[in-house]
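Can you keep this structure in mind? I'll have questions shortly.
By written order: A, B, C and D. Residues from 1 in each chain.
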């Protein structure tokens, strides 16, 4: 980490900073420039967080060199993490396809969705039982009844379940029904929930926040992992930008970027990212070509009657066509469908 | 609300949309253009939310006309909401200044901060007992002990307390100690927490999310209000943009904008918005000139020793200088300090 | 187009708006809602631009329904535009690969780059002779000498040339040497330059602006086309967002989105978008899978000695490996390399 | 500047980097960390630009310490720059108010605008003769005729003129008529135009680009200054963000920020920033309170008939009311109106 002093910082202020760092166990070196002096410090970045160095008189800025995350980093663990849920793997050669409706609405709807998803080759079933909705007047989910339906349907179709939890209560309730717990975009920095997820011992699908940097996202994973749960799946689902033609801007570069920074698997959600049914297929193919370990695709037996996200949901036919188109691309990337 | 049909949409598809809307109790009108047909529908926008119209074949897009929020809107309540907490008012002629450290660290630290804040003219005392931190390795707050210290100190200095709650547990715990409950940036769309805040009956300081639009922010207020709690104070604290020279970009235009859309009071937090001590004073003055009802300013007896946000905290001298400089500007805006 | 009136707008104000629109040749319909009245107008959106309707008393906002661009729109021309430059096609079955160094530096450098690019299967050679640089102290390009080298080298390697023009002077100078004129990101809304490009009669590679919406980008193409030049190639090269881990955020969703809105070909520049050599290959594959008509890839015989953009340039070996990996993906998309 | 090596970088690669830097005249120091080695280099950052260090094998990233601009920096010139145009000063005690219509439309329109602006206390008259418009179908300006009208009107009302130039031709044409040349948002990085502006010897009003960082903006000023013209006025006019409730997001924090980084005067344009007439007055007051040296306000005798930007233009009455409300705020900031 490098502490940049202000041009007019006195020798005293410089040694004060130096002293503080040495005190804190850092190995330091003072470098005198023409205009500025900088103090380079070698040590654990985490120790710096609460030192308030930038508040010291004479300090212009503090430039961190190392990443703030450890457990999620490839520097700590080189080999890729492969998560195995009842025989379905995420992060390995298998391309993990998670499909299903935005919200669980009824036994029929879910059964029909699950059946066609499975038929087409998806092995993970998604469906929301607790819906965080922007409007208090929108449908909020079937809650426990929805979890039951998911578990039942998954068993009948031999699939693995993925469903969102929104607080500790819904998390506890989901433990008996759900195989992979999803933490949604709006809760990516709900640290209490992240810790609870870490304690749950279940694989966690961690969606990227609307405006979270890759570093903040990996720090959120670090929260889960620091509770002893290493089974984190990162899900890119689009970030918020100035562009309004799509619901969000899918940041596919984050996929290979994270592959370089972390050992965790990365999947992509083209449905929420684009918000447009027509863009789901091309962006699914692009995600696979970018090296994603899997996809999370919204699919509904009758999108026009869906209680949420109809506009971005594929119908069963569209979904199975997508799966067909995906095979050669997956093959080109050395992935199996 | 206007439903725009695709250029090639058939008469059948158009009447299907029309039927759906009429069915749902909307008063409709079909307008035939040269290239496109649009269906205009008059009625409650909320009814549309779960209709999935955009998923209907032939529909290009749905353009809402009305705002989605009701209780927070000036169309429902013209006169401004003035919140009275133990004699301190927010939203009226009085300029509400909320000051104090980012985190409660000790009796001494808090006492010193509170005393000088009160001296300088602030009547509300802030301090975090539950700290949502990006890193799991950073200081997480004193929790209940911190709440006790806050309540005690406020009583001794005759101030009103403001403190952040991060989940239902911390909210319940705060009820006995805190006068104004703060919902932080990262929880602006933690809908469970918003509902709990609504049920608490306490005034709620609702910070804007990192990347929340003004509309989403007002919808979050709507969540609190729809539970029967009309005492919501909106706090602009900077949004995330491409600019990295400041911690966030303070969106001061949101202040007069919201004054036009809503009857709720709006305060500004220049400390988190800028992340730089030097910018806190100028942006405080600017906020007042923009019409803000108050300010939330981080202040610490010894910023260089602060356990969090030292770089953006004013020391007591800087704070009282700011209060002095603020008087004429407040006066020019018809506000009292 | 829909004009939304303010809640309290009087009958007089409403008829004033109605009159103005009828006057301007619009077919109107007034729709009376519970809270609001809206005036729907059918006609050419372009006529509205200079009417200043939103400035009329009583008007809350004007909501356009149609796209503002015409010539670039698929509604005007259904079949895809295929551009043929000396036998190389862009927009058809052929995947157009444009490769070469950021800047032309010397005969040797360019020859080596061109030779290996051609070898690997690229048929278009890029190289900057006029460099718009953020710093006045950075290398600004070889200008005419660079153009000569490009033309020469392209002839010797039987390639087609692509090079950026930054003003009318450099455009005129390029006419004798360059086959495809590139308009750079910073000039996407340099309207004088766009018109000159329109008059040039040469195919134009139009890069998306740093913070241009897809609509603004298509409007820039409209500028070129409105001068009679229909040969416009759109180039997605990343947009500016809050994320700093990559140089820009590659908006790949824009590719299928534009395919739906316009008949113009779209290519992708993964080099400038990511700014990181490691991300160029995966994002090139993703671009092809998303349906791009081609790629623009920076390649340099010795990136570490490049006068600009070394960090994002591939060396010849990396480039030919990329081309090999691209074949199966291109094939899966029905494209030929 | 600090070069961060990859964790696995070999001793050879480290010395290669070190050698390169020493070669280039930098004073270096190698710092060996636990995970990483960094090479600190003292010298002129500009020399680094074209070294392509980040492309060297083993290099992870290059972290600059110093600002890239020199002439615009306060480190080079401590005292504030005050620009004097025919007795009107910008950057001193005087608050410089630039008012007038978006576009020059006619003698009458301009005369009426100028007269009331002057009456209300504005001493600088703005009006566009060359209009960069998003749509090729919108009004493009009166060009030379407009310049004549501006010069004439300014003389009759004893005002100073400000008008936008969009290329070298319009710049040359403006020299005889205009006192302060404006470089618009879209041309902030039109480097040819910046150099021509530098050679013109006229004061330059440099608007911030839609998505330009403060650093890039100051680098654009550096372009002008590096041609020998030190008379640059920076104009904050809003940046592009995800928020669509306002036309742009006015980044007022940039005002005090730049005051700390540079000696150049900074003015604010609340009209383009907000795009809403109702927000112009509050944001003008806020800008003055934030420490702006002046304002650029759009004003039109009859906004509803304006050929451009009517929705954000004040009428003469609104403008003079704003000037009245501004006096006490300006006074509080030690500025004269």
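Throughout what follows, a residue touches a chain if its C-beta (ideal position, glycine included) is under 8 Å from a C-beta of that chain, and two chains touch if they have at least 3 such contacts.
Quick caveat, the model's predicted, so the values are computed rather than measured.
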> Which chain maximises the distance between its CA centroid and that of chain C?
Replying inline: B
>> If I superpose chain B onto chain D using their CA atoms, what angle of rotation comes out, to the nearest 5 degrees?
In response: 180
> Shared interface numbers for chain A and chain D above half of all numbers used, same, or below, different?
Replying inline: same
>> I'd like to verify one number: the distance from the centre of chain A to the centre of chain C, where each centre is the average of its C-alpha atoms, in whole angstrom.
In response: 31
> So, what's the distance in Å between the C-alpha centres of chain D and chain A?
Replying inline: 38
> Cα centroid separation between chain C and chain D, in whole Å?
Replying inline: 26
> Hey, what residues on chain B touch two or more of the other chains?
Replying inline: 211, 240-242, 244
>> Chain contact topology under the given definition, line, ring, star, complete or other?
In response: complete
> Which residues of chain B touch chain D in their complex?
Replying inline: 211, 213-215, 239, 241-246, 249-257, 260, 273-274, 276, 278-279, 282-283, 285-291, 325, 328-329, 331-333
>> Help me check something: in the complex, which residues belonging to chain A touch chain B?
In response: 46, 49-50, 52, 54-57, 68, 132-139, 166-169, 186-187, 189-193, 195, 209-211, 216, 219, 222-223, 226, 240, 277, 303-308, 310-311, 313
>> For a test of understanding, state which residues of chain B touch chain C in their complex under the given definition.
In response: 2, 4, 7, 29, 31-36, 38, 40, 42-43, 63, 65-66, 75, 211, 240-242, 244
